[in-house]
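Structures are listed in the sections that come next.
Across the two complexes that follow, subunit A remains constant while its partner is subunit B and subsequently subunit C.
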Partner chain A sequence: MLKIAKDKLPELLQAWAGGAKVFVPQDKGGVSVFLPWEGQGNLTLGEGNTLEPPKDLFFPRTETMYRYQVQGKEASLIEVPSLEEKRVLVGVRSCDARSLLLMDDVFLTRGYVDEFYRQRRENTRVVALACTAASPTCFCTAFGIDPGRAEGVDVQMWPVAGGYLLEGVTEAGRELLGQGSSLLAEAGAENIPAAAKPGLAVETSGVTEKLQRMFEHPYWTAVSRKCLGCGACTYLCPTCHCFDIQGENRGNSGYKFRCWDSCMFSEYTRMAGGHNPRPSKKERLRNRFLHKLQYFPERYGKFACVGCGRCLDRCPVNVDITRVIREVKEVTL
Partner chain B sequence: MSSIQEQMRARARELLTRGEVKMVIGWEKGTFWYLSPPAFITEPEDCDRLVWDEFCTNNLAKYLLDYKFTEDKIALFVKGCDSRGIIRLLQDNQIDREKVYLIGIKCPGVRDGRQAAALGEERRSEAPLAEKCRYCTHPEPVIFDELLQDEGGAAIREAQATPEGRFAEVARLEAMSPDERYAFWTGEYDRCLRCYACRNICPACNCRECIFDRSQSGWCGKQMQRSENMFFAITRAMHVAGRCIECGECERVCPEGIPIMALNKKIIKDLNELFGEYEAGVDLEARPPLGQYKLDDPEEFH
Partner chain C sequence: MANEARVNPLVPRTGRIIKIVDETPDVKTFHITTDSGKPFTPLPGQLAMLSLLDVGEAMFSITSQGPEHLELAIKRVGMLTDALHEAEEGQTVGIRGPYGNGFPVEELKGKDLLFIGGGIGLAPVRSLINYCIEHRQDYGHLWIIYGARSPADLCFKDDLFNNWPKVENCRVDVTVDRGDAGWQGHEGFVPAFVEELHPDPAGKVAITCGPPIMIKFVLQSMEKLGYKDDQIITTLEMRMKCGIGKCGRCNLGSCYVCLDGPVFTLAQLKQLPNEY
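Here is the complex of A and B:
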């Protein structure tokens, strides 16, 4: 167990920045987001979770997949450069650390490996930061997540008086700590602070089985009435991973890109002939909850929610997944 | 006299029991004390869910579009800004006046839920006025079928609200150089997630199908990047030009905190200067400056 003084943290980030691009929560126009560390910046490590989850760093909002060029009758493809840049992601909370493991399931398993995701994921070391205080909207423990220790990370950090405790979890993590050895002092593990107690609680057991029998239930009409059908929940969600692939064609050249998409939008399921199997917000909102609480558990054996609370914090009309889980369990079939 | 909340519940119950309306749209308590999201009541026994407190922020007018093609009459509680949303929808021929029953509330201004949460419940009374209420010019409903009576009497607008400061932010942005202004707006809209919350809450955004839901049309790419984000922002601002009722909901619902109203207010200010003072959604008969042509129009018509 190692310790660093709070005012030395920028130096540690700087040391890591020597061999990698470092991303850390910083203030940008009044909101906390993961931004590259460029020697100085307004760190927001002590102020709850970031507004946006780190998923954009692995699965960007928009990315070019390939370019093409047409000359006469010949067409040639131009591959995008491989994503070899080494990165260190600092200040990831336990909920978001879990979300990366869930995204691994989607992008790396079941017979297909998404190369864009794989390269970014393999080239990134994750330094987690434990939560000692929870936001009112937090409910990570409902999904078996420990706010005091993240899963699948390289280094675990804990905030303590005057600084941070650090523990190298993987070989790569210990190597990172080695790079900052002059800034780090030995510390006792007894100083690890108590983990936060999330403010919201919800019991998830049995919800998947109940949902399997509720597809046509009138509950979905009632719960969707206030929904605006915007994509704020899906775009701020650390586990929502739907994307669209489109092309931009300019004369003899163009590119294919993929970008985030949202099941809350009408275009998401609209067929070429105009038919839409999810014609209203009722079907779209139902899909969002079924994906998180039924389809994903059926496919991967895990819920696709990590209890970060971003959706219910930013939903303009307070659509609350914890309330939906409770109500689903209560409705009569 | 009973409180606004008691009157609300009583009136909703009467209207539903007598079958005069099929649904009442108001507000109820949400997950936290600082949230009062929209409520949709169809049964008389559910009317006690309705609340009236300082967090009844949502403009409810837009929900009427969800029931546009039903025959049912719907009752709606309207604050000043909500009622202006109703005028917007009526002027745009989106709803039938006969199918809506409007219960007006003189609004003292709602509080900022996010800032209230930060202060904590014990300091609830100190929560500042919501940004959207700070420059409110019409706290009283401009259209209604009945008006609930408040306990206090006439003086209702908070001393904090100063309509005079309505264009202060616009003036600040106008004073910037073009490069500074470009840097400001691109900085803001680089964060835009294109979640369309601003559009979806807006009573002026009532197109049957929005061009941003037709990415294959080629007008605006689906890429979340500067050029497409700016195209979205400018297109929406110009499309609500002269029609924005200044309810401020677009800015409130933006998950990224983009100051959308500064863009809308810039256009309102320009329209006032070009065509004379006009407030959208106040007078059902007053035609919007960009929705009419006069022979003495300052712009020549070629």
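Here is the complex of A and C:
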């Protein structure tokens, strides 16, 4: 266990910035997001989580896939260079760390490896920051997540009086800490602060099995009535991974990109010719909740929700997944 | 660099349309190859992502293949298919695949097969019919029942009226919703035609594809004729973008049609949400 004084943290980041691009939570027009650290000294790793999850750094909201040139019947395709940039992501909470493991299941398993994701994931070291104060909309422990210690990260940090405790979890993490050895002092593990107690509690056991019998239930009509279909929940969700592929033409050349998409939008499933298997909000909202709580568990053995609470915090009409879980469990079949 | 050896499954190869066959007023079959030959060798019922680089990309069933090319029969229904129908031989395209599970050609060995198609729905079924003809000794009797809106809308006329009827132990029955002055054949919808022909379910597996409304009523007819859910196979269509089970949109419950389908038995489909 190592300790760093709060005012020395920028120097540690500076050391890491020598070999990688460092990202830390920052305020951008009132919105807290992960942005490149540019040497500023007044670094604040606050108590709350970022409004936007770090998903964008692994699965960008728009990403060029390849370029092309077209001239009459002739066309050629130009691949984009592979992404070699090394990165260190500092201040990731336990919920978002779990979300990266869920994204790994989607993008790296089941027969095909998504190269864009893989390159970013392999080139990025993750430094987690334990939660010692939770927001009123958090419920990570409902999914077996420990707000005091993240899974699958390289370094775990804990905020303590006057600084941070740090532990190198992986070989790469210990290497990172080695780069700042002059700034770090040995510390006792007994100083690890107590983890936060999430503001919301919900019991998830049995919800998958219940939902397996509720596809046709009128509950979905009732719960979707107030949904606006804005898609804010899916954009802020650290585990939503749906994307669209689109092109942009400029004269004879252009590029294909992928961009985040949302199952809350009607275009998402609408086929050429007009048929839409999920024609209304009811089917779309049902699909979103079933994906999180039934389909993903069936496919990958895990819930696709990490209890970060972003969706229910920002939903303009207070659709609340914890309430959905509770109500689903109460429905009589 | 190690990364360069990896194949990015979302990036197509370029190929070329080498032949275009007019099937009906709104269906054309495109023969596609690449500089290094056939883009890939699909199983019957597998899919290909085809693109015009500056227009768009969509998933199509592969209706047939030769030693050097793939054949995709495409109906004109939207932006990309409009542009494809305007394209000429020699046009460069993007192609990636093969995707999906394909028909269970091993499990079907030794069975009598009943193929029921409607309109462009014959395209994926045809890949299996031709496979069975190529491996004739492995399969029993082949019975093809096909219908379209009008005589002009019948796809693959050369197969329906010349090639398939000549195949040993193979029967072809064709109907149209409404005939024209020159039509001598059967008139009526496919489900009623199937009931009229009443193919005996014993030892048979039925493979059906067509417009959703046709499939709905064909399934009812099959039930009347005594077919069990595991004797009926169909192949589904969904909007797809990635083709590799990542982009999310083609899910039926926890299955992705692009990866776990598009071919399902009716018994399998009944276990999945009715959302297609």
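Going forward, the second predicted complex is superposed on the first by the 323 of 333 C-alpha atoms of A that agree within 3 Å, B and C clash if a C-alpha of one lies under 4 Å from a C-alpha of the other, contacts with A are read in each partner's own complex, and residues count from 1 in each chain.
FYI, contacts are C-beta pairs under 8 Å (C-beta built on N, C-alpha and C of every residue); 3 or more make two chains touch, one makes a residue touch a chain.
No experiment lies behind these values; they were computed from the predicted model shown.
Colleague: If you stack the two complexes on chain A, which partner ends up touching A:Arg278: first (subunit B), second (subunit C), both, or neither?
Modeller: Second partner only.
Colleague: Would you mind checking which one, subunit B or subunit C, touches more residues on subunit A?
Modeller: The partner that reaches more residues of subunit A in the superposed model: C.
Colleague: A:Asp114 contacts which: subunit B (first), subunit C (second), both, neither?
Modeller: second
Colleague: Should A:Asp244 be classified as contacting the first partner (subunit B), the second (subunit C), both, or neither?
Modeller: Touch partners of A:Asp244: subunit B and subunit C.
Colleague: Have a look at where A:Arg213 lands relative to subunit B and subunit C in the superposition and call it first, second, both or neither.
Modeller: Neither partner.
Colleague: In the superposed view, which residues of subunit A touch subunit B and also subunit C?
Modeller: 244, 261
Colleague: So in the complex, which bits of subunit A are touching subunit C?
Modeller: 65-66, 68, 70, 73-77, 79, 82, 106-107, 110-116, 119, 215, 241-245, 247, 249, 254, 256, 258, 261, 263, 268-273, 275, 277-278, 283, 287, 290-291, 294-296, 298-299
Colleague: What part of subunit B is in contact with subunit A in the complex they form?
Modeller: Those in contact with subunit A are residues 30-32, 35, 37-40, 58, 62-63, 66, 117, 187-188, 191, 193-197, 199-201, 213-216, 221-225, 249, 252-253, 255-257.
Colleague: Using the touch definition from the top, list the residues of subunit A that touch subunit B in their complex.
Modeller: Those residues of subunit A that touch subunit B are 28-31, 51, 61-62, 136-137, 200, 222, 225-226, 228-232, 234-236, 244, 246, 248, 257, 259-262, 265-267, 281, 312, 314, 316-318, 320, 322-323.
Colleague: For subunit C, which residues are in contact with subunit A within the complex?
Modeller: Going through subunit C, the ones touching subunit A are 1, 3-4, 6, 8-14, 52-58, 77-81, 87-88, 90-94, 212, 237-239, 241-242, 244-249, 251, 253-254, 259, 273, 275-276.
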